[in-house]
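Got some structures for you, see below.
Look for subunit A in each of the two complexes below; its partner is subunit B in the first and subunit C in the second.
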Partner chain A sequence: MPPAKSPALRPSHLPPVELYRPADLGELLAHAADGVHLLAGGTDLVVWASQCGEPRRLAWIGSIDQLQTLDITSDRAHIGAAVTLSRIVRSGQFRSLAPAVVDGAAVVGSVQLRNQATLVGNVCTASPGGDTIPALHVHDAALDIVSAAGDRRSVKISDFVHGPGQTGLNTGEVVTGVTLRGLGQREGSAFSRFTQRNALDLAIASVAACLSFESDGRTVARAHLSMGAVGPTVLDADEAARSLVGHPLEPARLRNCADLTAECCRPITDHRASADYRRQLVRTLTMDVVDAAAERAIPGWLAVEAP
Partner chain B sequence: MQVTLRVNGKLSEVPPSFIGRRLLDYLRAELGLTGVKEGCGEGDCGACTVLVEGQPMCSCLLLTGVLDGREITTIEGLPETFLAQFSAACAEYGAVQCGYCTPGIAVMAAWLQAGGSEVSAQPITKLLEGNLCRCTGYQQIIEALSALQ
Partner chain C sequence: MTGEQPATSSPAPAAAGVPDRARGLARYTADLIPPGTVLVGLARSPYAHARVSSIDIQAALKIPGVLAALTPADFDDIALGHQGADEPVLTRVARYVGDGIVAVAASDQDALLRGIEALHIDYEILPHACSVDDALALDQPLHPAFLDNVARRFSAERGDWEAAQKRVSTWVEGTFQTQAVPHAYLEPRATLVRVYDDRLELVTGTHFPSVLAETYGEIVAGWGARLEVVTPDIGGSFGAKWEHPTHLVCLAFAHRLRRDVAMVLPRRDDMISGRTRVAMRIQMRIGATDDGELIAKETMIWADNGAYTGHGPSVTLAAAIRMDNLYRFSALNAQAQLIYTNNVPSECFRGFGSPQSAFAQEQLIDELAEQLRIDPIELRRRNAVQPGDTTLHGWQVGSCGFNDCLDAIKDRIQTHRRENPMATSDRYRFGYGIAGATHAISNRGYDHRFDRDMMSLAVEPNGVLRIESGEVEIGCGTVDLFAGIVADHLELDRERIRLVLGDTATVPHGLGCFASRTAFFGGRAALDASRRFAQLCGRLAIDIGLPADTAIASVIEAAVTANRTMELRVTGSYEPDHVTVPDESGYGNISPAYTYATHGCCVRVDTATGLTTVVCYWAAHDTGQVLNPQRARGQVVGGVVQGLGFALAETTLVDDRGHMQNPGYLDDRVATFADAVPIECIFTPTFEKEGPRGAKTIAEPPIIPVAACVANAIYDATGARQWRLPMTPEWVWRSLCAKGVLAPDRTAD
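Take a look at the complex of A and B:
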């Protein structure tokens, strides 16, 4: 019998791509203006290129020093576009400033993935279930963008992501980093997601919360809630957040807030979960993350509340 | 563009045809380091795990051209003494069946033994999330790796 024909290249094999390694931002912008796709950690892009053979021309941002900075001050952080998730997870200083973002970064993929993937790449992929995005919402993050002409603009994350895989980035523009607000006094933040597997799985639903308390340590001063994987983009649950403000965080109020997030989310039914199931998850996750954020704001807050 | 890597301690200049290809392809097809396995080619299984500057990464998602000047370690480059301990532990706990995931696990085990972690007090199960095994059910692997620490 003749030997079986050797199989064609498996579809996941990456056809050779044309790779550029710009030395500075100017060169990178010139490539972007020329329609070359930007390559950060490649954990999305190399998978796409392997599966569909597109894009074929890539400019790597990792060789540009100024995009490598992770700049942390007492009240804000700037995360350069080439900063990996593992650098974020490992930074104790960053964890104190924006714990919800660390919660999100820490569940992306695996150790190997986090060593490669960037935070900015996670945002630019604009997946409704991107695990760092809800936390960036509640930390009032903004994308720092520069155009081919050198013009700079800053875009709030909620305005940046337009739909699944769609961002407000114009051709030729490059994201240089993300700037976010750090926690203030008596303020805490947290993120949690639900997945079918414990790892290497995309969120069925996720919620992030950031809340601060008045000087009495009981009354909620400010609240921000954001939900992932239950709409075409990450959604803010403004009404639910407002319902907490000006009141002590009592169990009945927390339950009511969780009901409001479940009402305002816009989940779909797909092969991973039904819309109804996602709604229930949003309710439960809201209780969890508000609780966790409050605990980070005022350690032992539950004890404070006990009658 | 010139790209030179240090693979398992040896300098190797990457031919232009491999600069825009995956590190996995370069290691296997050009350098013959076939201990590095391709399971999924999509970052899911960890069979292709190598150390880049001492940190585990998926060689199926790295383009060779972005690694200029970097030190790469594959299972072939792990110290003999470590490999002896690793295989003894695998034999004792039954941590290898078909063996396809084993090179990736070995690289992770070497990283763990060298003190690898992301934050303090992470259990091995968390650190091995990126390494799939279709045979053992993991328990034996976790036991073998715990014994090695």
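Take a look at the complex of A and C:
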């Protein structure tokens, strides 16, 4: 969890830390109950620890086999908490099941970061701009959580992230993985984000779309749109998504849908971008990802003129 | 005496130093700090402008591991800065967020941080100004001697302005804003001080070891100690790593504690207290006749000095006048003021003010071309400075290949246009841009005593030839050229030559690596030393009983056998005789030669997001003879990519309290490998008779025209003129909205 506030002018320095390497989930839960922070890829946590001088007690989850699993069936996938983004990006099977998630995982940080960072870590960081979260939304993902007492529960991702850096994880609980729904027939998904640099950057707006078509191959049967970096959490654009359902995906309808997403997002102005520019990006990204998702659902389909 | 005939062979094959860096073998200052070294840290001001009303260090000193603390009172008589002498080592008045107030030394990092947190410092907050306009309006001087906050004013008027004005039929004008960017070197500032009896050894990555030795040496002498400066491998600088208060803090602790001390700035600290490029508002107008003769140019500059004076004065003067020397104007009028603000102190940065002024000038030349309906390359060609010219600012132009550069870029753009019909759509627009540049080599105005370089050659007892130079290997492999020149001139095996650099205790004086001077000045000194060495070898040969024209390698071999290697030692030097110290207005032939360049590019602008993608980039340079094509190309590619960062992304963001909002490379978006673009380097060789083997220099020129070149391409693509840097997607999008060039269904809210 990121610290609420880092002391303004404290020099960045990683203090000495106590590092535990639990061999199984039971040991990990014991550490978690004891207030030890969980270390997955560490690409966020080590930076915070350097900036804030804490946490100083960490338990690394990487040696727990159970958390390294990447289970893929015909219609769903389970990604263990220690599975790195690189593993997801490299899995062809996973790509055909949830292409939008791969779109997001593939642009996090840099190659070196992705080799280290985990998908579940990206979710638990709970950044409004987390690159995998919008795609997990449109794939109806749920977090698999286990408590210190061994009780298991499953929480929808939209219920899990409460705000920047805030999740619904209770003290002593551990996220063991995330389960998501794979694409069905005539269904496609895509994610796109806007950054000012081609690597090592954070999204200033992002959109994911999942779209399925009726058997006529033209009429939209189901749609799910989700937006990142334009609100305190990733937001679902339900009205915009509904506007597509039951109709062929024509340019005017797509433009209208893009306008609806731009209207329903709640961006802020900060040093990265202004609110109205973020709205413009959401509008543009919506057109791009709906187009890309449709193309993946029905290859050869091009709703709007290609650039 | 000139720089000799053209090179007959390539003098510099693979780099000696660069592969070491690439393989991770380079040892930077931080790598040299042994465990157990005393660590130093600073308590920094959280306020942009505040008087320190009280300091209590007692609680900090009680923390186990904390060894000592220094306060402003320990440095009362010292002020840093060659051109301003206005920066305290530790300050009683904080003038920017991050200004150092108290320094703490401790035996480990944890104790150090606890010690700093235990300091008690009270402040009386003063009104602050983080822009030049606010500073000019502030009724409180940031430095007592400068009541209006103007640190320096410059004025340069050349030619007959009244007469020239009458000949102008068309004026173009604009006000351009350039930004402060950190130098973005990979190695943060790091300092190690070793103590040997009464001698202090300062180990730090700097490109000015002899300058630091001189400046700090006088201060340290006041403490009854001596100083030498050692430069290990440097992880980049780009103009930033001159004097810095942290050096003196470490020297003082080492002297007081009689122990080795070290300080490595965390990235954030380095960025808030490092230095930046001088941000400028440039108001400019250029007048021409109907048939495209450039007549008059008027420039007004408001430059942001930041809290203290680095080389802002020279940079501002350079921005006011240097780019004028690219064209044959009849009259020039430049006024500039350098203004104190509560921002991070500024410093020179690759390009030395010219990237800023080129951004204004080269866009206005394009504006003029459009208004006069003349091709922009043709307009530049007609007015280009020529060999033999003496410009209005007193530059005596020797070799000049500006026209060749323009022709090369014209050719590339025409070919690209022909071979790549552009798929312009409502959303994506394509355009081409060009921009020119000129630059000096060294700057006679820098040190009024001299501008020279020295190099010694000495044969070691085993017959290895040692080259000793006060110049610095800053990471481009430049000094390796010295070995190449010596080996080539003396026909020696490169394996039998050893370079000794970077320790002021042992090497001859070198002014330092700045102003694109190292290859030129060092190269000439290497040639002079080689000639002298050859003469010496001739005399020794006769003495030993060999023919006077015996090959140098054989003479060295004979000297080893005869135990007479100690006689083979010479020092060569180079000091150009036709340069002049410029007057206050910058008039003078400041450089032994001048370089020229033209860049061209093709961009794609996404009108829906404002994102500019550079599709193709061409950089044509007149750098005289190219001594090492691979290195020269490396400089050009590096300069262009760095320039693209300056043009499109990098900036320093400061909030209304004066806190830097982006003190890291996440939000100071220096270009990454993924942002590099296809770049073709074109060398249009001239022969510079003053240069070593006809060479000039390539270090700074490649960054100068980039922002202007991209801006002109964006204009060509969209019709929206770019007045402000960086040209981020949002900013370009806003300029498109203002211009009404967006696709109808994608307009702004």
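Just so we're on the same page, the second predicted complex is superposed on the first by the 292 of 307 C-alpha atoms of A that agree within 3 Å, B and C clash if a C-alpha of one lies under 4 Å from a C-alpha of the other, contacts with A are read in each partner's own complex, and residues count from 1 in each chain.
By definition in this document, a residue touches a chain if its C-beta (ideal position, glycine included) is under 8 Å from a C-beta of that chain, and two chains touch if they have at least 3 such contacts.
Fair warning: this is a prediction, and the values are worked out from it, not measured in the lab.
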item: First (subunit B), second (subunit C), both or neither touched by A:Asp71; value: neither
item: Which superposed partner A:Glu239 touches (first subunit B, second subunit C, both, neither); value: neither
item: Partner chain(s) touched by A:Gly53 [first = subunit B, second = subunit C, both, neither]; value: second
item: Partner chain in contact with A:Asn198 - subunit B first, subunit C second, else both or neither; value: both
item: Which superposed partner A:His13 touches (first subunit B, second subunit C, both, neither); value: both
item: A:Arg255 touches, of subunit B and subunit C: first, second, both or neither?; value: second
item: Partner chain(s) touched by A:Tyr277 [first = subunit B, second = subunit C, both, neither]; value: second
item: Partner chain in contact with A:Arg90 - subunit B first, subunit C second, else both or neither; value: first
item: First (subunit B), second (subunit C), both or neither touched by A:Asp34; value: neither
item: Footprint overlap on subunit A, comparing subunit B with subunit C; value: 10, 12-13, 16, 110, 198-200
item: Subunit A residues touching subunit C - in the complex, by the definition given at the top; value: 8-13, 15-16, 53, 110, 194, 196-202, 255, 262, 271-274, 276-277, 279-281, 283-284, 305, 307
item: Subunit A partner contacts - residues on subunit B that touch it in the complex; value: 1, 17, 19-22, 25, 40-44, 46, 49, 52, 55-58, 60-63, 65-66, 68, 108, 118-119, 126-127, 129-132
item: For the subunit A and subunit B complex, residues of the former touching the latter; value: 10, 12-14, 16-21, 39, 41-43, 46-47, 50-51, 58, 60, 62-63, 86, 89-90, 106, 109-116, 198-200
item: Interfacial residue positions of subunit C with respect to subunit A in the complex; value: 41, 44, 46, 98, 109-110, 113, 116-117, 266-269, 425, 427-428, 608-609, 611, 649, 653, 655, 659, 661-662, 665-667, 669, 671-675, 728-730, 733-734, 745-746, 748-749
